[in-house]
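Chain nomenclature is as follows: A, B and C, assigned in order of appearance, with residue numbering initiated at 1 for each chain independently.
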Amino acid sequence: MMATKNAEALAAVSKKYEWGFATDVEQDFAPKGLSEDTVRYISAKKGEPEWMLDWRLKAFRKWLTMESPDWAKLSIPPIDYQDAYYYAEPKQKKTIASLDELDPEIRRTYEKLGIPIAEQEVLAGVEGARKVAVDAVFDSVSVATTFREELKAAGVIFLSISEAIREYPDLVKKWLGKVVPQHDNYFATLNSAVFSDGTFVYVPEGVRCPMELSTYFRINAENTGQFERTLIVADKGSYVSYLEGCTAPMRDENQLHAAVVELVALDDAEIKYSTVQNWYPGDENGVGGIYNFVTKRALCQGKNSKVSWTQVETGSAVTWKYPSCVLAGENSVGEFYSVAVTNNRQQADTGTKMIHLGKGSRSTIVSKGISAGRSDNTYRGLVRVAPTAEGVRNFTQCDSLLLGDQCGAHTVPYIEVRNPSAQIEHEATTSKISEDQLFYAMSRGLDQEAAVALIVNGFAREVLQQLPMEFAVEAQKLLGISLEGSVG
Amino acid sequence: MSDAVLDLPSTREEAWRWADLGGLAAAAALAPIAAPEADFLDLPGAKLLFLDGKLDEARSDLHRVTLIELGGDEHALGRRATGTGWSLRLDAQAVTHPVQIVHVATGRENHLPSEIVLADDAAAEIVETFVGAGWQNRFTRTQLGKGARLMRSVRLLQPAGFVSLREAAQVGEAASLITVFLGAGGQGSRIDAQLTMAGEGAFVEYGGALLTSAEQKQECAVRVNHAQPNGASRQVWRAVAADRSAVSLAAAVEVARHAQKTDGEQSLRGLLLDRTATVNLKPELEIFADDVKCAHGATVGELDQRALFYMQSRGIPRTRAQAILTRAFVADALERIGDETVRKGFEADADAWLDAAL
Amino acid sequence: MLKIEDLHAEIDGKPILKGLTLSVNAGEVHAIMGPNGAGKSTLGYVLGGRPGYEVTEGSVTFDGQDLLELEPHERAAAGVFLGFQYPVEIPGVSNVQFLRESLNAQRAGRGEKPLSGAEFLKLARSQADALGLDQEMLKRPVNVGFSGGEKKRNEMVQMGIIDPKFAILDETDSGLDIDALRIVGDGINRIMRQPTKAVLLITHYQRLLDYVKPDFVHVLADGRITRSGGAELAHQLEREGYAEIAA
């Protein structure tokens, strides 16, 4: 009885990626492949100053000498970096005076995705949602940024990084590459050379950003990599909550997404960074899908500064991502809350690094990995306590849930402690949804998928409740959808 | 001697991330010393004394142990240990008195292979002790038949140098392998083990206490592979690091696709006695079966300050209180040693280390 | 309401029920008693549709509908409630969330509108009060950290909220002290003692029957009903033991 049901659900699963449509829009591409000329093309397209081009070229030359990392628990066919486009821009007027001038096809795309790029809208389907300012990035460029004026009045700078390079060169120069150095890793170096767009946020001293900021990333064009770069600087005593979401069309070939996100929190500042990552994961046989190689790092430079990463990772064929905190400030706080779901042939290798340098710095890591189908899900983390960091506290909880017997769940935590006053605690468990739990929920009237979704949401609850309300609803649905047909 | 001459993997490789390759090279280059006294526990049974990897027949009593030609394994350490080594092979249901082996080194390097092969329902106990200086490298292949039981205790008491132990074990159906290590000398060490639970319902307990001081580095790198269902494994390791020393504990549990009902447990705990000391932990789980119970706990910290003060307020000097609490911390890892004489001997070694370190 | 005919069921190929026949009409309370291992819990699980319990022969109809064809949640939507002997713990899922989703799924199955959050909370609180379950426990994860008695009371709260037509209560009295037993008994009477409803009480002891008076008592032994009678049969069993009566 259950077996039949499972087979039906499995058959239906390939239809479940609702965001897989493509938008037909005229685009300008950079010549295919990667060379110094590609880097110059991108820089020229953006009208960048000389220093920025030099910075990119330096990264590109470095990248040529580097090798793709192979330490993660991932099996990835070699990527042909010459067989992709590094820049795709929808053809439209360079600067648009109002949203009415935005290409209606692109506008429709965001409407379909439920992303409010007009200011009067709120996130689709959520009652009582607060205002959310959105930067919409379509392939390589930012196509709309909302609520700019209202934010400006509060002193908050929120615009695409291309604009920021032109309009606030000093701020960008001061922080770009300071948290994630150009040569940090293979993908970060590549990003430094060819990053196309992304978001820049600066919250001045003492300002509490009046609304949630968000960026919505959409890969549309074929054979195109997306290399966005996000830089958020929270000055003394400021607060900002930032959300990002991502989707892509269903395509048979793999597409590369190699982003870099840098966060800086000065004294008493707090940044809350939430991600709902739903790139196209490929089909049930592992054909297509996004390679998601992302470097995210926060520098908690100031005393009492705090950075909290929350991520819900349901998409991408391959995820390689370790949002980290360098806790340099005295009593600074780093948090990492993660739910990673893998189904079918997806592979995820994700986790965090908490580098404790400051006295009294504290960190919390809560990771929930859910594996289904023939997927592999790895938590990889590092907690390091420097000799000078007195009174450090860390608590780590890593739980894995396996749905089915063809998937894998792995936990690879590294703990390196060089100060005796540290208190480091790490716990991990692995479990499955028991027949009893499933039957109990079903005997109360839930069908199998609803029962699984309920139990999985319970498993992930500690993480989901960290998300802003608007995203939490979305994320819960996403967990259910991602796992449909995965339990027998 | 450089790493290149030793031909060992670099610390860029994950499994060697925390390895003290420099210490190993330095140990191999140590000038010879006079052979220290052999140290057998007062127990019946076989007694073997190896001097720089060669059996000292005059001072040995082999009983059922034989010397035969043995190979190493593919591993960077194991492949060096080939040639004449010791072998304990027991027939079905055979039981022996404890086999004691003392490894004495006078410097430079020596390599020795060994094998422990227990047929169905056989039981054996082995106690090994390392003393002296230089680099002693051992390869031990263990094979346990259905229902066989092995209790092995190994203590590293070299004042200087390095001991590397490469261990490969196949544990058969319902067989039990218990191994306890105590690193309480001044040497560097690497315990590098691959244990495969090849039969259903096998039991493995593998752990110990590594105590370091001065500039010393000791580490374990253990992988327990649950290849069959219904197995249980426990890895209990304790690290105590003083001065500028470092202990690294890397313990992995792998559960194969069909190894359902596996119960895998890891407890890795580190205690830092000085602000310049380091403890590294890596409790790793690699799980491919869905109906398993695998959990690990890992902690690093210092002694409970409230407990220390409480004991002091009752009149116990602080250093003594520290010793008592540290001893209790270490005792968790040694309590599995079945034979009381052996356990007492190991505890005395740990106490001596604590007295010197605190 | 419920008609079981010549029911044979097995677990892992081992026959447990061997030709059980039983009819339950609206307005009736039936007690199934019997020695350990007679198949009492199996009967409950078979009626609830627990996977692994295979029906090899016979039929079960509920209001004329073939019950055995239905998925467990469809049976619930049809009005069948199974009270578990060992209620299951579900970490991270609050009682409130669990129950609201359950109830609304059943209502949807019957084409009824879902209850709003406020309506549901009011209902849940009144049921919890009636059964002496601390309201705080509604917010706690399902059965996690509950004592045996609390778990059983929680089952009754669920029954009160779901308001089923037919309840199968498996050893609901186990783990309860005398006060809790009375509260649970009152709960069963209040929720289920109605002309349109029916109850199947599965129990080893007759003590719950002091509070919930059965109309019929059946002795289940070796997978079959060996004797049926009125409430007095329970007392006789208590006095004389199963060995005498069941034979």
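Brief remarks on what is shown
Note that a contact is a pair of C-beta atoms (placed from the backbone, for glycine too) under 8 Å apart; a residue touches a chain by one contact, two chains touch by 3 or more.
On a predicted model such as this, the values are computed, not experimentally measured, just so you know.
A linear topology is adopted by the chain contact network, the touching chains following one after another without closure. Set side by side, A-C and A-B show the greater C-beta contact count at A-B. Averaged C-alpha coordinates put the centre of chain B at 55 Å from the centre of chain C. Averaging C-alpha coordinates per chain places the centre of chain A 47 Å away from that of chain C.
Computed from the mean C-alpha positions, the centre of chain A lies at a distance of 43 Å from the centre of chain B. In chain C, there is no position where the chain touches two or more neighbouring chains simultaneously. Chain A meets chain C in the complex at residues 1-2, 5, 434-437, 439-448, 450-451, 454-455, 457-462. Every residue of chain A that touches chain B in the complex is listed here, in rising order: 71, 385, 387, 400, 402-432. Of all the residues in chain B, the ones that touch chain A in their complex are 14, 17, 257-258, 260, 270, 272-302. Across the complex, chain C meets chain A through its residues 48-52, 71-73, 75-77, 82, 84, 87-88, 90-93, 97-99, 101-103, 105-106, 109, 141, 158, 162.
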